[in-house]
Amino acid sequence: MTGSKKLLLSLLVLTAAPMCLAESATVSDEMFRINNTWMMVATFLVFIMHLGFAALEAGFTRAKNTVNILFKNVSILCIGILAYALVGFNLMYPGESFAGAFFGFAGFGINADSAALTSAYNEGYTYYTDFLFQAMFAATAATIISGAVAERIKLSSFMMFATLYVAITYPMVGMWKWGGGWLAEMGFHDFAGSTIVHGVGGWGALIAAWMLGPRIGRFHDDGHTDIHGHSLPLAFIGVFLLWLGWFGFNGGSVLSADPGGVSLVLVTTNLAAAAGVMGALIVSFTMSKTYNLGMVLNGSLAGLVAITAGADVISPAMSVIVGFIGGVLVVLGTTLLEKVRIDDPVGAVPVHLMCGIWGTLAVGIFGKADPAVLGYSLSFTSQLVGVAATGVFCLINAGLFLGLLKMTVGIRVSQEEETHGLDAAEHGIQAYSHHPFTTPN
Amino acid sequence: MTGSKKLLLSLLVLTAAPMCLAESATVSDEMFRINNTWMMVATFLVFIMHLGFAALEAGFTRAKNTVNILFKNVSILCIGILAYALVGFNLMYPGESFAGAFFGFAGFGINADSAALTSAYNEGYTYYTDFLFQAMFAATAATIISGAVAERIKLSSFMMFATLYVAITYPMVGMWKWGGGWLAEMGFHDFAGSTIVHGVGGWGALIAAWMLGPRIGRFHDDGHTDIHGHSLPLAFIGVFLLWLGWFGFNGGSVLSADPGGVSLVLVTTNLAAAAGVMGALIVSFTMSKTYNLGMVLNGSLAGLVAITAGADVISPAMSVIVGFIGGVLVVLGTTLLEKVRIDDPVGAVPVHLMCGIWGTLAVGIFGKADPAVLGYSLSFTSQLVGVAATGVFCLINAGLFLGLLKMTVGIRVSQEEETHGLDAAEHGIQAYSHHPFTTPN
Amino acid sequence: MTGSKKLLLSLLVLTAAPMCLAESATVSDEMFRINNTWMMVATFLVFIMHLGFAALEAGFTRAKNTVNILFKNVSILCIGILAYALVGFNLMYPGESFAGAFFGFAGFGINADSAALTSAYNEGYTYYTDFLFQAMFAATAATIISGAVAERIKLSSFMMFATLYVAITYPMVGMWKWGGGWLAEMGFHDFAGSTIVHGVGGWGALIAAWMLGPRIGRFHDDGHTDIHGHSLPLAFIGVFLLWLGWFGFNGGSVLSADPGGVSLVLVTTNLAAAAGVMGALIVSFTMSKTYNLGMVLNGSLAGLVAITAGADVISPAMSVIVGFIGGVLVVLGTTLLEKVRIDDPVGAVPVHLMCGIWGTLAVGIFGKADPAVLGYSLSFTSQLVGVAATGVFCLINAGLFLGLLKMTVGIRVSQEEETHGLDAAEHGIQAYSHHPFTTPN
C-alpha cells in the first residue's frame, strides 16, 4: 500500500476537494493525527540516517580526507532537500498533471492549501509531512554514491552530479513506482526501495567508482592494500544510526501508523539486519579465519537493504533467510569488486546495489500477499523487469552526467591532492588535531 | 499558540477544576493521548540536543580541555534540570499566583494532582510532560553559554553562574512571553525561542566571553591563531544531533500534535537549516576560496536559530530566505567578533545571538498569521522591543552574576592551568589515550 | 501494570479469541494505534541503548581492544535478537502452556495470527511490537556483562556464554515476574527491571569478572594502575544515548501511552539520572578533590538503574533521593571492587548490580501505590526475596556456563594476546589509523 494507493487518494482529493471534503475525510481526526505523528517520527529517523552515512563513510576512509567527506555529506543533504523542494517532489508525484507513465511534472516549489493539511489530502499525513518524509529519502540516493567515490572525487563535480541525480534521476525512477507510473501499473513490488532508492544509489555508485578508477595505493599486484579506515568506532556509530533510521525508512513506508502493518515491517526489518550480521560473520570467518568487523557491520546494512523491498510481504521467518543471504552476498560482492579492481571504499555497491537486487528479487520468491489487497500479484518477472529498467536508466543518467563533467571540469582530484589528502587541498584544515597521549599504552 | 493560550487554559483549570473537570476536557481521550505522546517525543529530541551541544563544543576546541567540557556539559544539564524543578518552572509559569506582568512565582517544587494528569490541565500534555519539555529547554540556555567560555573558565564559577542563570534569568524572561507576561500582552511573537531561549543564552555568551578575555594564543598581531578544533567528526555529530533535536524544539512548541501546524513547522525548520548551510557555504567560499566545514556546520545552526521565532508564521519559501540570511550572518558575525577580538570558541554569539535577533525581527518582516487566531498582530516594533528588553535584562543579570564571581572566587583559570589544559589541572585525566597507529598513512 | 496484567489479557485472548474478538477489543482503534505507536518508539529508544553500551565500553577501555569490543557488541545484539525470537520470548511469556510458576515454554519461533495484530492481543500493542520491545530488552542483559569482561575474555567463549544467558537465564527470571510467575504472584514489584534486567546482567557481570581475574597491569601493589579509557568523548556519547534510551526502557514499560503514567515515569527517570550525577559528583569530589568525569557519567546510569524498579510508584521528589543515593553507591561500589581486586573495566557491577539492588529495595521504602490498582501491596520483604532469588539463580547459571567453558575451550585469552591487544590477535586490524597532527597543540 505505498505509491499507487497514495496517488489515487491524491487524485481524488485534487479533483474533487472543494465539494466533497467532508466525504473524502474517511478517518477520524484522532486517527489522522496519530498517523501523521508516526510519519513525522519516521521522518526524523530517516534524517538521522544521513549522520549515519557520513559517520560510516568517514570512519571507513583515511583521516586525511575526513573533512572533505563530512563537507560533502552535509552539503549534499542540504542541496538534496532544496532541489527536491524545487523540482524533485513534483517530478516524483506529478498527480493529475500526469503526462504518461514514464514522466510527469506538477510545477515548481511546494505549496499546500488548507485541504492539504487535513486527511482530505491523505489519511496518513499532511502534504508537508509527505514532502519532508520523501525529501529525506531523496537525499539518501546521493549519499549512497558518496561513499563509493570517496577520497578521490573533485568536490565541486560531485556536488553538481549529486544535484542532478537527486533532482532528476531519483524522482523519475521513483515516479515509475511510487508516483503511479509504469512499474506500479505492471505490478512491480518495492515496498520501501531496495531498487527505487538503494538500487538507484547503487547503480550510480558502481559507474562512478568505475569511471573514477581506484585510489592510489588501493590495489597492489601482490593483493595487499595501503588503505585502511581511520576510525572503526565512527563507522560503528554510523551503522547503528543507519539501523535505527531504517525503522523509519521501512516503518514509515507503510504510510500510516497501522499497528499490524508497521509492527510486522519492524520485525522483518530487524530480523533481517541481525541475520545479515550472522551471514557476513560466518562467511567472512570461513574465508579469512578472522572476525572481520567491517564485514559484520556491512552485513547488517546488507540485511536491511535486502528486506527493504519486501518487508511488508515477507514473513519474519523468511526475513531471516533474506537477511542472511544479504550478509553472505556482501562478503562475496566485496571480494568480486576487488577481483575486478573497482575501488568502492565503503562497500556501497555490495551493500546497496547487490543486496538491493537480491532483495527485490526475493519478493518474487518469498513474498506472500493477497492480490486483492495489494492490487496486483507478486511476480518474479515483474521484479526482474523493475531491477533491469532501473539499472539501464540509472547507468545512462549517471554515465551521462559524469561523462559531461569528466570532459569539462574533470571529476578526479590531482595525484598530488590525493596523496596529500583532500582536506589540505580543498579545505585547508585537518579533521583532527593532536591527541595528548601518544605513548603506547 | 504557545505561552498565552497555555496559561489561559492552566488558569481556567486551576480555578475551576473541581467542578468543571468534565466540561473543560474538550478533547477525547485519544486526542489527549496522541498529543501527549508527541510532546514526549519532542522532549526526547530536545534532550538529545544536550549531547549535540557537548559534542560540538568538544570537537571545536582542543583535546587538552575535552574532559572539562564534557564534565561541564553533563553537570550543567543535571543542575539545570534540578534547579528548574525546584524554582524555575514555577517562576516561568506562575499561573494564578501571578504578581504583575514582570514577575511571578508559584512556589517551590513540582507536584501534580490527578487533574493535572488529564486534559483538564491542557489539551496537549500532562503537567509532568509540560515540566519535562520545559526543563529540557531551560538547560539549553546555560549550554549555549558554555561554548563561548570554553577552555578558560573556572569550572566551579561556571557552575554557580549557570545555576543562577537557569534558575532565575531564563525563567523570568520566559515568563514575559510564555508565562503570559508583558511581552505576551504586547504582541511579541517568538514561537520557540529565537530570543527567549537563544537570545537569552547568546547575550550571556557575549558578555561572558568579553569579561573572560580571549584564550592565550587565540589572536596574534599578524592575524593567525594557534588554536584549532581537535575533532571535526565530533563537531559534525554534534551539529546533526542538534538539527535532529530542533525538530522537537520547534515541532514540540506547537504544544500539540496538530498535523497541519507541526508539519508546517518541521518543513520551515528543515528548509531554513538547509538554506543556512548554503548561505554560509557561498559567503565563506567567496571570502576565503576554501570549503570551510566549520562555517557550513554553524550555517545549519544559524538557519535553525533564525527560523525558531517564526517557524509557525513564515511560509516554506520565505523560510529558505530567513535561513539563508542566517547562514550569511554567521560568517560575517564570526569575522566581526574576530575583528573586535572577542574569543568565542564555538561561535555561540554569531549563531545564537546574532541569528536569534535576526530571526526574531524576521517575524516582523516575513511573518503572516491571522490576528484573530493568534490573538495579536505581528509587528516589527513589538519584535524589536522584545529583543531589546531581553538584551538589557540578560546583560545586567549575567554581568552581575559574573562580576560578583570575578570579584570573589575568580572566573578564569590560571595561565599555567590554561597552558597545560584544564583536564590536567581540574580533572587529573586526559580525554584520549594512545592511538595505536601513529605513522603517516 | 506490567507482566501479570499483560499475561492475563493474553490468556483471555488465547483461550477465547475466536468467539469474543469484538468484546475483548475494549479500546478504540485510535487508542490502540496510539498505544502501539508509543511502544514502537520506546522500542527504538531501547535499541539505541545498544549503541550506547558499545560506545561506553569502548571509550572506557584501551584502543588496542576497541575492534574486539565493537565486534562483541554488534554480534551479541544480533545473536540475542535471533535467540530471543527462537526460544526466549516463548520462555518468558509462556502464556496458557504455562507449566508451573517457575518455568514455562510456548514453543519455538514467533508467529502471529491476525488477532494478534489487533487490540484483542493487548490494548497496548500488537504481538510483533511486543516481541520487538522485549527482544531489545533481552539483548541488554548480555551487553551489561560485556563491559565487565572487556579486554581479556575470549570472543568465541563470550558469544557462547551470552547466547545461553540471553536465550535461557534472562527469560526464565523474566517469566517469574513479567510472565506471571511466582515473583509476580508474591507481589514482587520491579517496574522496568532494576532486578529482572540490570540485576540479571549485574550478577553475571560480577561472577564473570571474578572468574576471569583482573587484566594485566590493572592492580599494582602501590595502588596505581596502567590502564585508562582511551576515549572519554566516546564514553560520553554512550552515556547520553543510554539516558535517551532509558526514556523508552522505562517509559515503554508502562505498556501503553497512558499520559499520566508515562509522563510520571519519564519525570522520575530523568530526575533520578540528574540526581545520580550530583551524588557521584559530590562524593567523588569529596574523596579525591578532583572532578571525576567517569564517576559522574556512571552516576547518571546509577540513578537510572536505581529508579527503574519503582519509576511508576515513587514520587518525583523521592526519585531525586533514590537517584542521588545511586550516584553515591556507584562511587563507593567502585572503590569496594578495587579493594577486593575484582576488575570491572566499565563499572558494570556498581552501576547495574549494586544500584539494581538498591533500586529494587527502594521500592519497599519509597514506593506508594494503591494495592487495588496494583493487585498487591508493596513490601520490603517481597523486594528482598526477589533480589535474593535472582542473585542465586543467576550466579548458578552464569557460574555453570562459564565453568563449563573454562574447563573446555577456555574463557581468557593468552597473556601475549592480551598484551598486544585483542584487535591484533582476533581481528587482524586496529580501530584507529593515523591522525594527521601529532605535534603538541
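For reference, chains read A, B and C in written order, and residue numbers begin at 1 within each chain.
In the analysis below, a residue touches a chain if its C-beta (ideal position, glycine included) is under 8 Å from a C-beta of that chain, and two chains touch if they have at least 3 such contacts.
Not measured: the values here are computed from a predicted model.
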item	value
Inter-copy rotation, subunit A to subunit C, in degrees (Cα atoms; steps of 5)	120
Equivalent interface positions on subunit B and subunit C, same or different at half	different
Between subunit B and subunit C, centroid-to-centroid distance (C-alpha), Å	33
Residues of subunit A engaged with two or more neighbouring chains	30, 34, 37, 41, 62-64, 228, 230-231, 237, 430-436, 438, 441
Sites on subunit B touched by subunit A in the complex	28, 30-31, 34-35, 37-38, 41, 45, 62-64, 228-233, 236-237, 239-241, 243-244, 247, 251, 257-260, 262-264, 266-267, 270-271, 273-275, 277-278, 281, 288, 290-294, 296-297, 300, 316-317, 320, 421, 423, 430-436, 438, 441
In the complex with subunit A, residue positions of subunit C that touch it	29-30, 32-34, 36-37, 40-41, 43-44, 47-48, 50-51, 54-55, 58, 62-64, 66-67, 70-71, 74-75, 77-79, 81-82, 85, 109-112, 114, 117-118, 125-129, 131-132, 135, 155, 226-228, 230-231, 234, 237, 426-441
